[in-house]
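Presented below are the structures under discussion, each in the form of structure tokens.
In what follows, chain A forms one complex with chain B and a second complex with chain C.
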Partner chain A sequence: MEILNKLLDKTALSTLIERFGKAGKEVYAPVKENGITDFAKVDTIDKIDFECIATKQSAKSLVFPRVEKILSFEKSYDDISVKNVDINAFPEVVALGSRPCDAAGFIPLDAIFSTDHVDEIFNARLKKLTVISISCKKADEYCFCTSVNGNPGNTAGSDILLTEISDSTYFAEIVTEKGKAILDANTDLFKDTSAIDKTPHLADVKQEFTAEAINEKLNNLFESDIWDKQALRCVGCGACAYVCPACGCFDIQDENKGNKGIRYRCWDSCGFGLFTLHTSGHNPREKQSQRWRQRIFHKFSYQMVQQKQFGCVGCGRCSRACPADMNIAEHLKEISIN
Partner chain B sequence: MENKNIYVPYKMKIEKVTEEAPFVKTFRLKFMNDEDAEKFNFRTGQFGEYSVYGEGESTFCIASAPTRKGYIECTFREAGRVTKALANMGEGDIIGFRGPYGNIFPIEEWKGKNLLFIAGGIALPPMRSVIWNCLDLRENFKDVTILYGARSVADLVYKHELKEWEERPDVKLVTTVDPGGETPEWNGKVGFVPTVLSEISPSSENTIAIVCGPPVMIKYTFPVLEKLGFTDENIFTTLENRMKCGFGKCGRCNVGKVFVCKDGPVFTLKQMKELPAEY
Partner chain C sequence: MEEIKKIAKQLLSENKIQMVIGFEKGTANKVRPAFFKNADDVEKLIYNDTCIHNLALYLKKDICHHIANVGIIANPNVVRSIIQLASENQVKEEKITIIGISYEGKCVGILDFKAAEEFAKTQPKGLKPEDRAFIEKIQAMPLEERFNYWVETFSTCVKCYACRASCPMCYCGKCNVETNNPQWIPVASHKYGNMEWHIMRAMHLAGRCINCGECTRACPVDIPLNMLSYMLTDFVMDEFHTEAGLSTTYAPALSSYTNVDKENFIK
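Right, the complex of A and B next:
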């Protein structure tokens, strides 16, 4: 649909949150606790941390939880009953105050879970999620969204994008039908306006390279010493994958108690040595540098072939989380000029 | 929303257990729900995820042929957590099965050709499905040769079927065991599969080679086939990367631009040469 331009008073946000609550929707927003800002359930506006550049974890757990039940089972003497997880029982969720990079992350994630075999669990959660993002007026040295087809005021993946244009007002872009449903239910809060140039109100994120250039370079870079060099510091902790809004790899594990049990889907990472280890002991990617290469190739080459999406939105979370201080933007820049 | 879930397995009853070799068993599985049995269809080369509830899932090919209706079979070696639990199960026990997943051996395209099957050790099971499928449609193919090798006589699987193939006039079966693996009664060949292959030196003329075995066997068999004049398009194999989901989402079996689970597991040597060697 064509984007609708509106104005929203900042104070109207608390009314919105209240109305979402009354409508049975759960609102998740950045909340600072013990010095760390992450998405948490809120019922009032004063809990929300609007200043945070990027939450530590991305918003992906709203549609792809870190550990998620996929079925349960119960054994009796001569039978086993298997119970499907009830996707209709998933709550309606509003992500409020996510960043454009968070919202953009839902796109490659959706592509993974919807290409060929449709993952109903993921899709049910995504269908029940409304994303109200807030454009970035600040960025830090880790941000590189503009190098991977994003920008601090990017509407992709958001249902509504709010951009702060004054101390009291947001410029609201209604992007999707889901966004329009919120507009229609709250017409008293939104005022008409013509299109507004957001640029003066957005952070300046310098473009250092392009995702297309990386994609092109990778065609001839599989056998290169650049992977050993870059991965020298990598400890294989997998933190980069856990905080990544676009990483969708997972493991499936059973947990058993007596005659009952649950089968879970849990986040996993191509950075772990166990990820590809065969039972025979053979490991197709036995060195950390091969696993680092897989991470970059998957995001910038393979995913483009498999799902026509890049698997990176430039949020910089992996670099912020890395205990060995690997900076993905620097590494990508190095690849782009290799 | 319709409450569908691609992770829920079919409920299967173990109908028959065959001890094949030390730590290797074959299960014949029957669908417990008639509706599932009716809907279920697979083609040779495909695989599935087998669950022991409480332990997890394990990936094996479907070792029976689609021409044999009413059941599926899997052959596995007791090696990890799930296969250990499977090995402890017996006739009448219930397990889960998800599938079929993956691509197929294109046996339609092989009509009118000679077939050369080369298998090593526990890699005969993925091949058994396609062998029986082709033998059940025997008139579609010319000469059928099966070369099968194992570490020792005890490690040969499907012994009763090997005997059946040996006795068939329309199948040429060559069995071999690694040097030192023979018994006094052994009347097959002694030697590694690639060596025996160059010894029997089959013609590559109008012939498809299907190779499956441990990485080291594969590595030394391809050059022999190439020397015999087989082209990369006419050499098929089935890859076995570690998998969890089976349908291209969990990321584990991603090799280059393909998922072994979704785009494979059957590949020609030509396709394999286009992939990074991460298998």
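Right, the complex of A and C next:
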């Protein structure tokens, strides 16, 4: 659909939150608690941290929780009954105040869960999610969205994108049908406007490379020694994958007690040695450098081949979280000029 | 810093060591672990008060396996870790050259294991007054409240295992959480899965943790899990009068027996 341009008073946000609550929608927004800003359920506007550049963790857990019950089972003497999780019971969720990179992250995640096999649980959650993002007026040294086809005012993945154009007003771009449904239900809050140039109101994120250039370079780099060099200091934890809005790998775990049990889907990371360990004891990615290479290749080569989508939105969370300063943007820049 | 560089360069050029583990400038005003294999590389070596990563971690990684002698820039936490690893037969003295740095950031030169033990005893522990206050606050809580505090605190854990991956004492080839037959610890990072993981880890580190705080520094969601280890260090000191990271002949309190051990728990 064609983007609709509107104006929204900042004060109207609290009315929106109130109305979402009345309509039975759960609102998640960046909330600062114990010094950390992460997405949490809110019922009033004053809890929202609007200044945060990027929450510690991405918004992906709204559609891909770190632990998701997928079914329960029970064994009897000669039978097993399996009960799938009720996807109709998932709540309607509004992500409010997510950043354009958070919103863009849902696109590769959706591609992972909807190419070949359409994952019912993920799609049921995504269908019930409305994303109201706020453009970035600030960036930090870890942000690199402009190098991976994003930008601080990118509308991709958002249903509504708000850009602060004055102390009291947002320029609201209604991007999708879901966004339009919110507009239609709240016409008293949105005012008409012609298109506004957002650029003066956006953070300046310098483009250092292009995802296409990385994709091209990787064709000849599989056997390169850059992976060994880069991965020397990698400690092999899963922090990068777990804070990433686009990482979708998971592990299936059964937990039983007696004859009953629950099957869970849990986040997993290609950085772990266990990730590809075969039952035989053979591990096709036995070294950390091979796992790091997989991370880069998956995001910038394989996903492009399989899903026509890069697996990185340039939010920089992995680099902020890394205990060994494995800065992915720095690494990609090196690859691009290699 | 110049003295550290001088020592590192000399050791490398005389081939007494073949690699130095130290720090280089990272991104966004950060420093990061770096590995220097020749004297020219050492120009990039830096040391300042933000160089707090516990580099002893890398002594057990592949990168050191085929190197005859590895030099390591060692602040008191790294020295304590090496001593502890030595007491657990995980590192050999003839394969490591410790370039000691005091807690004030002063280079104290090359330390053999005996000198390292002496050095470690003179260095204050990394427990800040606010950490002490935090522990006292937790300890003052009634048992149930304390338990609930930790359940709540660990509920945000995502089980990325950065605490384990960054800990020099977590060197097991196969961690207990990777055993699935039987499954001792749930893989899922739900409330109890998280709690069991952190209790298991704390128990395995009781009397072995040298309190460098690396686990908390590495944690992407800022869980103060090192406080649990600090509390266990206090407990081990009170009950067994021993402390990790000070002697290469140390016997960890929970995996050794002496004839003065209390047996009052047998009822």
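Here, the second predicted complex is superposed on the first by the 338 of 338 C-alpha atoms of A that agree within 3 Å, B and C clash if a C-alpha of one lies under 4 Å from a C-alpha of the other, contacts with A are read in each partner's own complex, and residues count from 1 in each chain.
Basically, a contact is a pair of C-beta atoms (placed from the backbone, for glycine too) under 8 Å apart; a residue touches a chain by one contact, two chains touch by 3 or more.
None of the values given here were measured: they were computed from a predicted structure.
**Q** Answer with clash or fit: chain B and chain C placed together on chain A by superposition.
**A** Once chain A is superposed (C-alpha atoms), there is room for both chain B and chain C without a clash.
**Q** Mind working out whether A:T279 is in touch with chain B, chain C, both or neither, as first, second, both or neither?
**A** first
**Q** Classify the contacts of A:A23 with the two partner chains as first (chain B alone), second (chain C alone), both, or neither.
**A** neither
**Q** Looking at A:D251, would you say it contacts chain B, chain C, both, or neither? Reply first, second, both or neither.
**A** both
**Q** On the A-aligned overlay, A:K56 touches which partner chain: chain B = first, chain C = second, or both, or neither?
**A** second
**Q** Once chain A of both complexes is superposed, is A:I337 in touch with chain B (first), chain C (second), both, or neither?
**A** Neither chain B nor chain C is touched by A:I337.
**Q** By the touch definition at the top of the document, which applies to A:E141: first (chain B), second (chain C), both, or neither?
**A** second
**Q** Between chain B (first) and chain C (second), which does A:A181 come into contact with in this model arrangement: first, second, both, or neither?
**A** After superposing on A, A:A181 lies clear of both chain B and chain C.
**Q** Once both structures sit on chain A, report the angle chain B, chain A, chain C from C-alpha centres, rounded to the nearest 10 degrees.
**A** Result: 80 degrees, to the nearest ten.
**Q** Who contacts more of chain A, chain B or chain C?
**A** Between chain B and chain C, B touches the greater number of residues in chain A.
**Q** With the superposition applied, I'd like the minimum CA-CA separation between chain B and chain C in Å.
**A** Minimum C-alpha separation, chain B to chain C: 5 Å.
**Q** In the superposed arrangement, what residues of chain A touch both chain B and chain C?
**A** Overlap of chain B and chain C footprints on chain A: residues 251, 253.
**Q** Name, in rising order, each residue of chain A that touches chain C in their complex.
**A** My answer: residues 34-36, 38, 56-57, 66-67, 140-142, 232-233, 235-239, 241-243, 251, 253, 255, 264, 266-267, 269, 272, 274, 287-288, 319, 321, 323-325, 327, 329-330.
**Q** Of all residues in chain A, which touch chain B in the complex?
**A** Listed in rising order, the residues are 70-71, 73, 75, 78-80, 82, 84-88, 112-113, 115-121, 124, 127, 222, 248-254, 256, 261, 263, 265, 268, 270, 275-280, 282, 284-285, 290, 294, 297-298, 301-302, 305-306.
**Q** Residues of chain C touching chain A in their complex?
**A** 26-28, 30-35, 53, 57-58, 62-63, 158-162, 164-166, 178, 183, 186-190, 193, 214, 217-218, 220-222
**Q** Spell out the residues on chain B that touch chain A in their complex, using ranges where they run on.
**A** 1, 3-9, 11, 53-57, 79-80, 83, 92, 94, 96, 215, 240-242, 244-245, 247-257, 259, 262, 276, 278-279
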